[in-house]
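Below, chain A partners chain B and then partners chain C, in two separate complexes.
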Partner chain A sequence: MNSRLPQMTYAAVIAGVFAFPALAQAQITEYQQDQWLHTAAITSHVGNVTGDGSGAEERYRRYCQVCHGKMGDGNGESAQWFEPPLYPKPRDFTLGVFKCRSTPTGTLPTDEDLYNTIGRGMDRSNMPPWNTFSEQTRADLVAWIKHYSPRWQTEKAGPPIEIPAEPEVTAERVKAGQEVYSRVQCWKCHGVTGNANGPSASTLTDDPGHPILPYNFHEGRPKCGNSDTELYKIFMTGLDGTPMPSFSDNIKPDEAWDLVFFLRTLQSYPSKAKEIAEQLHLKPLNPDGSLPK
Partner chain B sequence: MRMWAQSLLCRKVRLVPSFGAALALVFLILASSQPAHAIPAFARKYGLRCSACHESWPMLNFFGQKFKDNGYQLMNDRDSPIWQNPSYWPATMRMTPIWHRVSTNRNQVDVYTGDTVTGTTEAKITSSGFDLSGLDFHTAGTLEKNFSFYLLPSSDPTGAFHFESVFARVDNIGNNPWLNVKFGKFELDNLLSEKRILTLTANGGIYQLYHFIPAGDNNIFGQIGDNQLGAEWMGHSANDRTRISAALLSSNDGSVLLPYGSESYSAFFAASQAFDFGKLGVSRFGGYAMVGEAPTQWLTNGGSGAPIPGSGTGNKGYHREGFVGQIYFGEHADVTVVTQHGWDSAWFGQGYGDFVDNPTATCANSTGFPAPCNNLPGTSLAPGSRAPTWNGVLVEPHYVVNPQWILLTRYETIRMSQQSTPGTPSDLGNVTTYTLGTRINPFMNNRAGFAYHAEYNWFHQDGTSPVTGSNLTSSELLFGFDFDF
Partner chain C sequence: MKHGYKKSFGIVLAVVVAALVVTVVDQRVKAAGEGSITGSVKLNGTAPHMKGIDMSKDPYCAQQHTSSPATLENVVVGANGGLHNVVLYISEGLSATAASAVPSDEPSFDQKGCMYTPHVMAVDANQKFKVTTSDQTTHNIHPLPAATSGNIGWNKSQPPGAPPIENSWKNQEIAIPVKCNIHPWMHGWHVVVKGPYAVTDDNGNFTIKNVPAGSYTVTAWQEDLGTQTAKVTVAGGQAAKADFTFKAK
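Moving on, here comes the complex of A and B:
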């Protein structure tokens, strides 16, 4: 036993030698933030507006810090009371991973993506739509948010995905969308009727390991927007940090539009696709996810 | 940047003890019991800091205004109380221990103290001491998604309670933000909310413009700063940049049990539009109008001439209207401007109106002999009686040093443009008042509010001293610990 002690000590020291730099790299310090903030990169560009991170600290403190934390790590004073899955934990900006993007999975979002998220809020979370802010304030906050993660120093935002023009919704497209919903197994999480009760629903966790609920198409709005284009983006870019993957490798753009139209039939809102589904007497998928006969 | 923020923090830390020392040296004050709205219960519900909704509590910022306009909802599909822990209780209490020094230059006093024969004269009275504000016990929030309520029992400093505000509201009818209906007793849709005023002194803790009544006038029904009983429709755009509202009100100044007119109503309208001025921020411009009728004629009982509450007829008209601007100059500075033009029927100008509360008052009429202020059949006004009119303006600049510290000042002036009785000095009743103040919030969290409050108000009114009709001047210095939880 005693003879092994020096070996264990050496192993611990070696592990520490490697672990400390790794930890230090992961640990964002205020000093680093200040350094980054003073680089030219910590600006944002949304339309004609240039956001300046250095002008947003007090606004961040006033509006955002209580959830996202002073260090942007999602550990604000309120975060402890958010109990997933009903109340998702605040975003950890230090990771540079964001759900709502127009860019491919794994890439950084564009400034406009972040800008839109601030204005739209996140439904079914404590993130309200901050759409009373001026454009400048939102752009400044985008720049401030970016300064929390070193990813913005070394990476550029991904290129926005190409979204073909939206086709006309037809009965064939609605039915084709249901086929896509079955084939790529959306139902496993979202359920065959879109009620978020698929066989995998109860097992889902986000990247930090918190339980997470799939979207229930019968309640509320999708987190990243409810327009047809935004729905399209959600499954073609995925919601990074969550179990919702990008399906850009699995479905073609035209099929993605079909899926958008089918998803409209699941929602409680009136839509043309829903009218068509009612005219078709479209049946839900079978319990095993297969298409109805 | 960070160093700058830290230095601010240090400055704040040094300020707090110096303020405490000032408190010890100078004492603390109180203010009037003007109920004010700041609801940590909302912050607790949503996990947001007070500063998210308040420029400096209780004054709302535009986000807070939108939250209010949405029926105390963030619109995140978690607004219904079913999403809250069952133990959550949306209640908030606010009270302010104060020290104040009040000085009024002309008070009516006996010429010789205790001697009732030699008559009265005027004397300056100055008093100071520790005191309390009234208590506001707010409970408000959502009953269900798109159904909200507000209940505010409020007391004066002695603990005598009344219902300051009670209403239920149906929000976003048909998922349409332009359809919101409120019913009950509520604050009028004043862009510059007196219920969220940042000041606490007796004269500085209200907006004079919202309560002005010309000298000799007895129309209490047009006070747009008082909560009123009625129903309100309100609509707004999704981002609240455009707001519009109309309310139908009983002309009773918010008093319950229908004490005045048998059928007297008023209406209040407000509309505004906010614009994004880039780096200057979002500024809002709008207007308001209150148009109404109130009684001048009363049934009496028992030959005493005492009016019967609720029997008032003989409605006469009045209106007030003006513009409002909330203008921001970047992150730290803003100014609010409110104007008002007021008009009362000549009947009110001659003292008719609130006869119920002043049954022994007498008014001039065409006979030349003063008579009870009851517009009985056959009564006509004294020759030459005119409708009193006035104009006023309120300017309130703020400097937000940081989210925890605000400096403010206010200038208000009201000038009579026409007196009701010919020959009356043209400046009789004119008001001028200045207020200076600061509020420092030593902490900023999502549970409670606390502010070190310091304020000075100077008030001047022409020709209204009680004996000689000289100019009346008063001042008040106030320090307080303003808290709510």
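Moving on, here comes the complex of A and C:
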């Protein structure tokens, strides 16, 4: 027994040595993070404000760390109590993958995208709107968040998608939007009436494999904001890390505005598009997703 | 003066001819030097039962499989125990030039009957590939590369009649799972390798083409059964042989 013990220790040490490179690759060390924090990549630019990551450490620790974790991996103390799909897990910043972007799928968001998310919060989740923070504080936090992922060291933010000026909402556009909703099959998840009860709704999972719900147009605001432009961005860029894909290859910019107007008719909020739909007596899609007669 | 002009013309001509000869000879040497690795991959033991897929949630998908029900494709066995969809690639011994050469052909990854065809697509790093759809239902193509791979995931919709999506992967990664969130049973793989590769056919046979002469380690990758390796020496212009056997789980 005694004579075997050193042998086993050697074995453990050797195994440890071999395991180390793999471990070093998979995890980001505090040393690496400290280095990244002092590179030019880790500043942020939002309008006239320049954010400095090192200025945000204390605030991150006080307000963000409990959910997003010390290492930004989404494993803060409270994360264990988040139960998807009703309460999505906190974002893992180490992946550099973000839902709310103005940039194409598979690219990094702009600093402004992250800044807007901090101030807006995430409806129907545990992320509150941090709109009491000053502009400078929010910009500093953006820079701090960026230091958690190696992607910011090697990549630039994607080019923001081009959004043409918003046209006037008309009856034709609302009807054309319904055609788009039918054609690209938004209803597969979001349902023919926008109730999030489409045939694929119950089996959706996010990238880490947690169950996730499609947006129910009758309950609350979309996760990435509820302005017309924000709705436009949601389906044209997709929400990376979730089942929501980008439709930019299949919806033309002008049609995208039609779809925005039709989405308004599904929501409970009053809007001009909704008034038009009521005047038109616009019927919902048939249960199979086809257009009503 | 006239004489000098002639002389320099002669020199230029000689250089051009010499360069042409060198190029032709070089190409010949290359062609003679490139061999191949051929063989088969077999399953030893009973093929596991592949579960049927219930596609009733999307009637279009279900209708495409009325004659023969769709099943999972994790382990597909053909004649004489041959294993389909195994990726063969050279894991050791390639020169940097051979490893970084990118084939000019463009493999396709089609969505057909709400399944991926092929179920496993191999590509070289930086080789262009196409994602196409033959279906009259909307899919979303959602590859999920590992966070540490340096490859970046994306998620795009492809409604009926949509044009192909062209893309490539930057780094070697064995392997990237691909899914469709709308049809949760849809699951395929992009296997990103460096250098020559092959995927086994229905009966488990393969040929890795364009392999320069040399000694290599060839790895066979199967999504459920893992990897096997073999040492292979390729002589100039010859076909070397390598057979693999996976044990059924």
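We take it that the second predicted complex is superposed on the first by the 270 of 293 C-alpha atoms of A that agree within 3 Å, B and C clash if a C-alpha of one lies under 4 Å from a C-alpha of the other, contacts with A are read in each partner's own complex, and residues count from 1 in each chain.
Operating definition for what follows: a residue touches a chain if its C-beta (ideal position, glycine included) is under 8 Å from a C-beta of that chain, and two chains touch if they have at least 3 such contacts.
All values reported here derive from a predicted model rather than from experimental measurement.
With the two structures aligned on chain A, chain B fits next to chain C without clashing. Once the two complexes are overlaid on the shared chain, A:137 sits against chain B while remaining clear of chain C. By the touch criterion stated above, A:286 is placed in contact with neither chain B nor chain C. When both complexes are overlaid on chain A, the residue A:122 reaches chain B alone and has no touch with chain C.
When both complexes are overlaid on chain A, the residue A:78 reaches chain B alone and has no touch with chain C.
Judged by the touch definition given at the top, the superposed model places A:229 against neither chain B nor chain C.
In the superposition on chain A, A:268 makes contact with neither chain B nor chain C. The partner that reaches more residues of chain A, of the two candidates chain B and chain C, is B.
The superposed three-chain arrangement places the nearest Cα atoms of chain B and chain C 24 Å from each other.
The residues of chain A shared by its contacts with chain B and with chain C come to none at all.
For chain A in complex with chain B, the touching residues are 30, 33-34, 37-38, 49, 54-55, 57-59, 61-63, 65-67, 77-78, 81-82, 86-87, 119, 121-137, 219-221.
Against chain A, the residues of chain B that register as touching in their complex are 1-3, 5, 46-49, 51-52, 61-63, 65-67, 74-78, 83, 238-241, 276-279, 281-282, 331, 402-403, 444-446.
Interface residues of chain C, counted against chain A in their complex, comprise 57-59, 137-138, 140-142, 144, 147-148, 152-159, 162-163, 165, 181-184.
By the touch criterion given at the top, residues 25-26, 94-95, 97, 105-107, 151, 183-185, 188-189, 199-200, 203-205, 207, 238, 240, 242-247, 249-250, 288 of chain A touch chain C in their complex.
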